[in-house]
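In what follows, chain A forms one complex with chain B and a second complex with chain C.
Right, the complex of A and B next:
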């Protein structure tokens, strides 16, 4: 079961950060949406809408795994300077079935999936705000080999 | 000459002095000393125009004035 107390506290944090008029959620707590989330330099847009799917056991061990963003984002390629496709950014949900709705529903509603998974729901690293921060950071360097970067510190405790 | 930047971690902001090129490991060590406990993740440097660049442990960086530092907890993109 979700920890609704934590979820609603996090929603309040998001409202403080982005403004209440930009933060939406459904009554069951299945998702949280932020409108006009700022994007880093180097993309073809300055902001995107984002929906973060809240897992059924969020706050009780289930980390954030799924989010959808605007479908028309492109990133400037470092070598050519042209806008190109962003890696890990899918027109259709890439796994078997999304936690809510269907693959077709999401695609039909013009959302694209961004593949970014938190390894833990431990507070505060696993918070929604931190997840959104990671979306920003990922999109700032979408061609980075993230596993190599994170792993480089495992040899330097 | 000593340069100064901001370090940002878990909502806390602190002074981040440096005086020569740094490795990612040295940046992370300074964060560890500031927060007083082990931290998980990868440091990044953010320039004044909002550009973010993460730093591998052995990578050497020479931050520009006005830059700030932070740490990104690991995530998966698989």
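Right, the complex of A and C next:
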């Protein structure tokens, strides 16, 4: 049971923030996508598309956990200056059962999974906008210790 | 017009009384954010949040009148818009009398508040099923009058009952006494119950709608325990059919029942003992809309389920609709060598206003069972079912868990004794422990900004903006047919197919350049 009232409001907030032409969603609320989310400096691209998977019980206790971004992102390594892999950014979906659809579905469409679990779904810390903001902050400093922000860093440091 | 029931937590009821009836004897007001539940026969308004009007925010206040400043009303409207609930409520006191009635002045003031709300709904584009609940309270807790109105001022229902959910049971205040069913208490079948619980206790059971979700080993024995207790109505929810391996603990079932739905078998057994009991047998999961509707009507929910997903579903429903929830789980932990490490059960109770299952250590929202699940798989830990790895004595654990749970339910409903919220029965060592968990203020379910009392969510997402984009749909299979898109949101070729449709063809990238996954 998702809280559709909240999701509706959050979509409106995202449309105000990014413009209606850049925000897409599934009618049943399974996902929300923002196109061309600006990326911080230090990456090999200036923007990425982001799809945030909305958990089944979002707004009723289940925090955001899963997102997919462009597959070809790299970060410049602080020491060598070369573009390297980003932590918590997977070529393969880590769960046995993805939240929706199959592993092949997203892989063949060339999205890539980023493992950033928010600890709460409370408003406003647990909102989609805040999640996107956290994705940006994470990509700005991917080698930092993110335990306080993402529970996935506690589970799989 | 349907009767209206107001349901609220004990602490909210006490808070409401304390605010409205103060030593100076003046009238006071409180705005309410209320959830709604509607069925064929009744409306139920559920208290989500109280918004008291501070003394400084009254335009005028006296022993026989009270009027808030417009700013206070506007703030209450704004808070209501943010809350996501369907009913805007308003209650004021008549501290000068025991039994209160709306006065002519009340009708005028409340009409203004309702019209203001109607304007707000139009301006903000809120759900048009938004309704308005108005109530006046006298000194006697049952001395109330209340109405539910739609935005056009049409009366939808009159308040008949206030239900207060307390840790010692459900307290009812009724404006007019309902039908006397004391005749049923003369039934000889209930004689032993009455000797134990008293007539009042039995009457409470006889007014209760109990629902049981999950009819595995523990759930079936639970039904066997409750069938003679005289419950008015019982809802059974389980999608499974009986298997031969269930027969060792499925009371009342025979070999001829194999392949029948478990709910149907147990309905038959319940009706054999008490044909007058209304039994709803729902062969579906708890997330099914029919099951959800029936569970929302129940007074109390028992969960005897496997897995966290349905448990989370029930906890959310229990919190949103202020239902007490009793969750039981049982199992045996067998080490790889076959040695039993743990054997027993736990019963976790959620009473609205108290710690929820998540606050009591249950990890409801993990998509996988994680380490605990892995340990369970490796060691043969089994919940509520038999496998090759589970000793046949699992029926003894289930019996204890079911009996103990029914005992707690009876104590709760009749108020004959306090109940612990967490009971752990270690049958291997013969130890019973009662644990006390503190409710977390930050909890998304039962915390300060939680979902308790939010009721129905009638919001619908707007249609996705695909058609307006005029983009050819490409489902990644080369078909590219817009006809594949259905306005209901069905995804014939999968989630990412739709996304490709919006973005155009996927960008090419060199898979080999991606390297291996990093962590």
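Everything below uses one rule, namely that the second predicted complex is superposed on the first by the 147 of 157 C-alpha atoms of A that agree within 3 Å, B and C clash if a C-alpha of one lies under 4 Å from a C-alpha of the other, contacts with A are read in each partner's own complex, and residues count from 1 in each chain.
The definition used in the following text is that a residue touches a chain if its C-beta (ideal position, glycine included) is under 8 Å from a C-beta of that chain, and two chains touch if they have at least 3 such contacts.
Model, not experiment: these values are computed from the prediction.
Novice: By the touch definition at the top of the document, which applies to A:111: first (chain B), second (chain C), both, or neither?
Specialist: Touch partner of A:111: chain C, not chain B.
Novice: Contact-wise, after the overlay, does A:130 reach chain B, chain C, both or neither (first, second, both, neither)?
Specialist: first
Novice: Which partner does A:149 contact after superposing on A: first (chain B), second (chain C), both, neither?
Specialist: So A:149 only meets chain B here.
Novice: For A:11, select first, second, both or neither according to whether it touches chain B, chain C, the two together, or no partner.
Specialist: second
Novice: Considering only the contact definition stated at the top, list the common interface residues of chain A for chain B and chain C.
Specialist: Residues common to the chain A contacts of chain C and of chain B are 87-88, 155-156, listed in rising order.
Novice: Quick check: in the complex, which residue numbers of chain A touch chain C?
Specialist: My answer: residues 1, 3-9, 11, 20-21, 24-31, 33, 35, 49, 51, 55-57, 59-63, 65, 70-72, 85-92, 95-97, 99-102, 105-106, 108-112, 120-123, 126, 155-156.
Novice: What residues of chain C sit close enough to touch chain A in their complex?
Specialist: Contacts found on chain C: 84, 287, 292, 309, 312-313, 315-317, 319-320, 358, 364-365, 367-368, 370, 442, 444-445, 447, 449, 451, 454, 457, 459-466, 476, 488-489, 491, 494-500, 502-503, 506-507, 509, 513-519.
Novice: Quick one: which bits of chain B touch chain A in the complex? Just the residue numbers, please.
Specialist: Per the stated touch rule, the residues are 10-11, 24-25, 28, 38, 40-42, 44, 49-54, 56-58, 72-78.
Novice: Note which residues of chain A are touching chain B in the complex, please.
Specialist: Spelled out, the residues of chain A in touch with chain B are 40-42, 87-88, 115-119, 124-125, 130, 133-134, 136-138, 140-141, 144, 146-150, 152-153, 155-157.
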